[in-house]
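Each of the next two complexes has chain A plus one other chain: chain B in the first, chain C in the second.
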Partner chain A sequence: MAARKNGPVIALGVVLAAGLAAPLLTGSAPGFYLEVLIGGLMAGVLYSLVALGFVLIFKASGVFNFAQGAMVLFAALALARLAEWLPGWIGIPAGFPALALAFVLATGIMIVLAWVVERVVLRPLVAQDPVALLMATLGVTFFLDGFGQTIWGSDVYKIDLGISKEPTMILQSMFEGGILVSKEDLVATVIATLLVLMLALFFQKTATGRALRAVADDHQAAQSIGIPLNRIWVIVWAVAGFVALVAGMVWGSKLGVQFSLAQLALKALPVVILGGFTSIPGAIIGGLVIGVGEKMAEVFLGPPLVKMWDLAGGGIENWFAYVLALLFLMVRPEGLFGEKHIDRV
Partner chain B sequence: MRQRNIGDVILDVRNISLAFGGVKALQSISFDVREHEVRAIIGPNGAGKSSMLNCINGVYHPQEGEIVYKGEVRRDMDTHHAAESGIARTFQNLALFKGMSVLDNIMTGRNLKMKTGILAQALHFGPARAEELREREFCEHVIDFLEIQPYRKTPVGRLPYGLQKRVDLGRALAAQPQVLLLDEPMAGMNVEEKQDMCRFVLDINDEFGTTIVLIEHDMGVVMDISDRVVVLDYGKKIGDGTPDEVRNDPEVIRAYLGAGH
Partner chain C sequence: MFYRENGQFKASYVEDQQILGIRQDRWFIFGLIAFALFAVPYLASDYMFRAVLIPFLIVSLAAIGLNLLVGYCGQISLGHAAFMGIGAYAAYNLVVRFPQLNFILVLVLAGLIAALVGILFGLPSLQIKGLYLGVATLAAQFFIDWVFARVKWFTNYSPSGSVSTAPIEMFGFKFDTPTERYLLVLVVVIVFALMAKNLVRGHIGRSWMAMRDMDVAAEVIGIRPMYAKLSAFAVSAFYAGVAGAMWGFVHLGSWEPAAFSVNFSLNLLFMIIIGGMGSILGSFIGAAFIVLLPITLNQILPVLGGLVGMNFGTALASHMEFMIFGALIIFFLIVEPLGIARLWAIGKEKLRLWPFPH
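Up next, the complex of A and B:
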């Protein structure tokens, strides 16, 4: 194996670590620093959820699924609206029972969607250029956005997970003033962690998971030993749909279910660039790095910048992730955990 | 001498023709394979040997002709159906899942035998769990049989070539095939590795009664282990018979050694 040039990677690591440590060294209160860090990690978990959907589909079918964000929105809409309508239709109590049933139904809807996408979009385009497939998923994006509005409506809807919006105070004895942690974010983190564990078990321990890994490893080999590619694609899109549903539920309960959820896909893009398009751990770590980086930059990098150049201020959160991703692209184009391509000459 | 009881025709290839654009890879090829026999396909490079295997297990679809397998006449077969009906194969260019462990690779060959639903598997619940354990036990037998126990958990990409070939064979065996197609199982091996592989092929044939269709370049190997041999040259069949018959066939000699001899 060719020796990897580690210099630039190490340099970037040192710069990031220095950036991370700088606020502490320049006299920020440790409690506040920790609060920002935790907030960043939790936001990162949510980015990871969306990024996970990208990675699953890219690994198994080599398709960059631009529609992942639209799937998040569509799933969240289905969940919110069904939870609202179900008590009226079949008279189950509103609140948790309705939400649980809506979740099951929404899962079903995402599975049907996966099947339709495979039949109508992927199968006719098999073996076409990746660009054609990317365009096709762009089409799916717009279709889902519009179709979602048609059936579910276009207002802002609520998903009520029954968690109070009040933040809790932890570690009061250790830090002056304690650390404020949002309960919602905590629950979201727990849900995301459970989902990731479930996926890991599914991929490592079951026959279907093994088939999925086999297809991800080598399409043609998998097909020629009799693994049915079409069925695998349906399964992987369904799993990505389920991940989108969970992401939609968590984000929706935090921000309200609205059109801007679809834009999350664009937030997850730097995450997959950073983590590598083919790595599930990469999606998770990448999400955490972006989440923390963003928050840190907004809180600690923003104010000095604003003061130095007399700027209007704010908005760092919006572009910082992309700058970070760009830096990573320069030193490691395959991402942190992606497969390095070495072509035989 | 090995004890043999060769049965009826299990696979009958009739007038198969396959072309890629203007290139005629196979021209009206016919031959049959009997149950429990070791049947070799030989021929110079580009003779159409791999194309023939690819037609049998459904990777290629011949334009003309038919294949009768266990009495069922078929023209087109997809790979999934072929695998389900008991045809497994290994590959000339290794097509293993390099990032997965030896055990996992072999288990993928077993996937078709697993019938529990995806939901039950996802929940790792009752029958699915029992099935996974049962099938895994079978795969462990295959691993023992091929003497690759020490590498069970090693990612296949890290194994030397000869062992990868063995894993490829293991994956095919895991499906408990009736007919095993081997595409140059000994290519690129040294003498010792070839001997090992020959032993495995004969053992599979003896112990499990598996019918074997084999492509091989090494004439010594072919003549030693096969019962009957088909000879292809430029997509045409030029010889068919026992190793002795084929060896003395003037047409075959000409194809291998060139005209004028």
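Up next, the complex of A and C:
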């Protein structure tokens, strides 16, 4: 296994591209096709947001954080409920000012949460088996799900970003009927891009960012030159908490803040598989691939499947991402941009 | 003290190879089995059978299956409830399509079908391991969930998507009362638990443990990884399938695809973490813990809430249950990563050396 096996990856890429282009050849309208494509890309951006949190924590602490979904739910609940309660508590106007203050407070809450997790969960379990740490984050998931709903309530809440839900028509001159694009999705894309830029700047330009990258590269080496590991873990969990907050805000404004947000984050798992556990660009590209693949499969693959086997409805997007990731793992176990792993006895 | 093996000499190979080598262990286990078989049917109430004992026994069987895979072979599975679902639906279809089949035969066939599916979804384990494998098994979970929810053939074209079973009948005897059902489940569980106990100390079990401890090293000393891993998936899925068939037929009676969801899978995983990875006894302890915890919390929380003047509704109680669950898992991982079964083993060790500390 000296050289990288590129053949199967290229083959898989060709198959994917063919699958992507197939609906065009079978004569569906290009306008509709583009609409699905764009819809998929935007859903993909949202998956990327959740996947980013996974990758950040995995890079810095080697923990596969199953609780990222629960953190998204917790942050979104905090944001939604604080924005609702703050006007009553301190008399600031509801709407944008309340939301902004709630955002700041929720960020603070996520930082405290990061600190608590590091103290209570990570520090006693340091140098344990990765699977044990995964189980611990499963425990954190359950705790956060219960805790969040106990203190914030368990109904469906709204986050109002003040964007109209009306879709807009674009490119009417090029296609018959134009392409419907939701404004919310556009804003989400902009927010996600800003977040990624901020993270890139933070990682590349600040001293803390450099320390984070050093820890990600080699724990022991970083510690031996005096980087405080514990503080770095708090920081990286706090950053992941912030990413979860942003993801929760965007998802929450789209779907409403409810328990299913935590389940939705399970969708980010195939994304990190596809992109590789340690790659931030991988998380973004993986998210886009999964988003597009899922929408395409649902729209173009679902109906024929239902017709062929007389199914009781489609819903193949529930598993499509996972099966895609599974196939991908078979050809390339380390993901698109992951590091090659070599076993030694 | 009373637990020591002084004076118990093994004079033949048969004696040396007994499952329970120490006389006190043997007495304890035989006593427990005899108690469960002959005393419990007279002591427990119908509610006790329905809500506690039957689910506990069935779920222990599934936990043993998962423990064989995760605890003994080191292959993580986040989709084991799906294999239970396979067993349940396989049994349902067998009963619907071949009504004259004996229920025990149905159970075994359902287990075998689950084992086949287990081998299929175990194939990725040859390429990938650890966390990646966890996600691959999640793929199995979601795909199988979807298949049972959407493909009408499996639910025999029932309009609501849920299926209900006929009462169990064997050799002209109907298993109606909870006591009879409990005894049926108990016998099946005892047989399979002893089989598992035997399996893990034979050459298959040892090759699994070698795989778990270090797969590359195991391969170097001549253990075939494909054979070891796939046999672990097959046996584990077989146990899950049998447990699933009983869960559907004996415990639930009628069920929807959501009965075997990802949350059930995670619960099974928690059982073996809390009970003890790589321990058959641990599977029982963990299952008892997870089955009893919600029932106990439901009883205790309103009382505790009343003491401090709070009113615990059912929603809040279920959230508290989540929290306590999560906290306990973290607690056990930190304090005793090998589970309650390990505490039991330490206790026995102390007794053997008593009154000396070492």
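A few remarks follow.
Operating definition for what follows: the second predicted complex is superposed on the first by the 341 of 345 C-alpha atoms of A that agree within 3 Å, B and C clash if a C-alpha of one lies under 4 Å from a C-alpha of the other, contacts with A are read in each partner's own complex, and residues count from 1 in each chain.
The rule is short, and it goes like this: a contact is a pair of C-beta atoms (placed from the backbone, for glycine too) under 8 Å apart; a residue touches a chain by one contact, two chains touch by 3 or more.
Please read all numbers here as calculations on a predicted model, not as lab measurements.
Shared-chain residue A:211: touches chain B; no touch with chain C.
Touch criterion not met for A:112: it reaches neither chain B nor chain C. Using the contact criterion defined above for the overlaid structures, shared-chain residue A:120 touches chain C, although it does not reach chain B. By the document's definition of touching, of the two partners only chain C reaches A:269; chain B does not. Contacts of A:235 after superposition on the shared chain: chain B is touched, whereas chain C is not. In the overlay built on the shared chain, the residue A:201 is in contact with chain B alone; chain C does not reach it.
By the touch criterion defined above, A:222 lies against chain B but remains apart from chain C after alignment on the C-alpha atoms of chain A. Look at A:156: by the touch rule set out above, it reaches neither chain B nor chain C. Contacts of A:190 after superposition: neither chain B nor chain C is touched. In the superposed three-chain model, the partner touching more residues of chain A is C, compared with the other of chain B and chain C. No residue of chain A lies at the contact with chain B in one complex and also at the contact with chain C in the other. Residue ranges of chain A in contact with chain C, taken from their complex: 64, 120-121, 124-125, 128, 130-132, 134-136, 138-147, 149-150, 154, 266, 269-270, 273, 277, 309-316, 318-319, 322-323, 325-326, 329-330, 333, 343-345. Per the touch definition, chain B reaches chain A in the complex via residues 57, 59, 79-80, 82-84, 88-89, 91, 95-100, 104, 107-112, 114, 116, 118, 121-122, 124, 128, 131-132, 135, 171-172, 175.
Interface of chain C with chain A (complex): residues 76, 124, 127-128, 130-132, 134-136, 138-139, 142-143, 145-146, 149-152, 161, 214-217, 220, 262, 266, 269-270, 273, 315-316, 319-330, 333-334, 337. Residues of chain A that touch chain B in their complex: 198, 201-202, 205-211, 213-214, 217-218, 220-228, 235.
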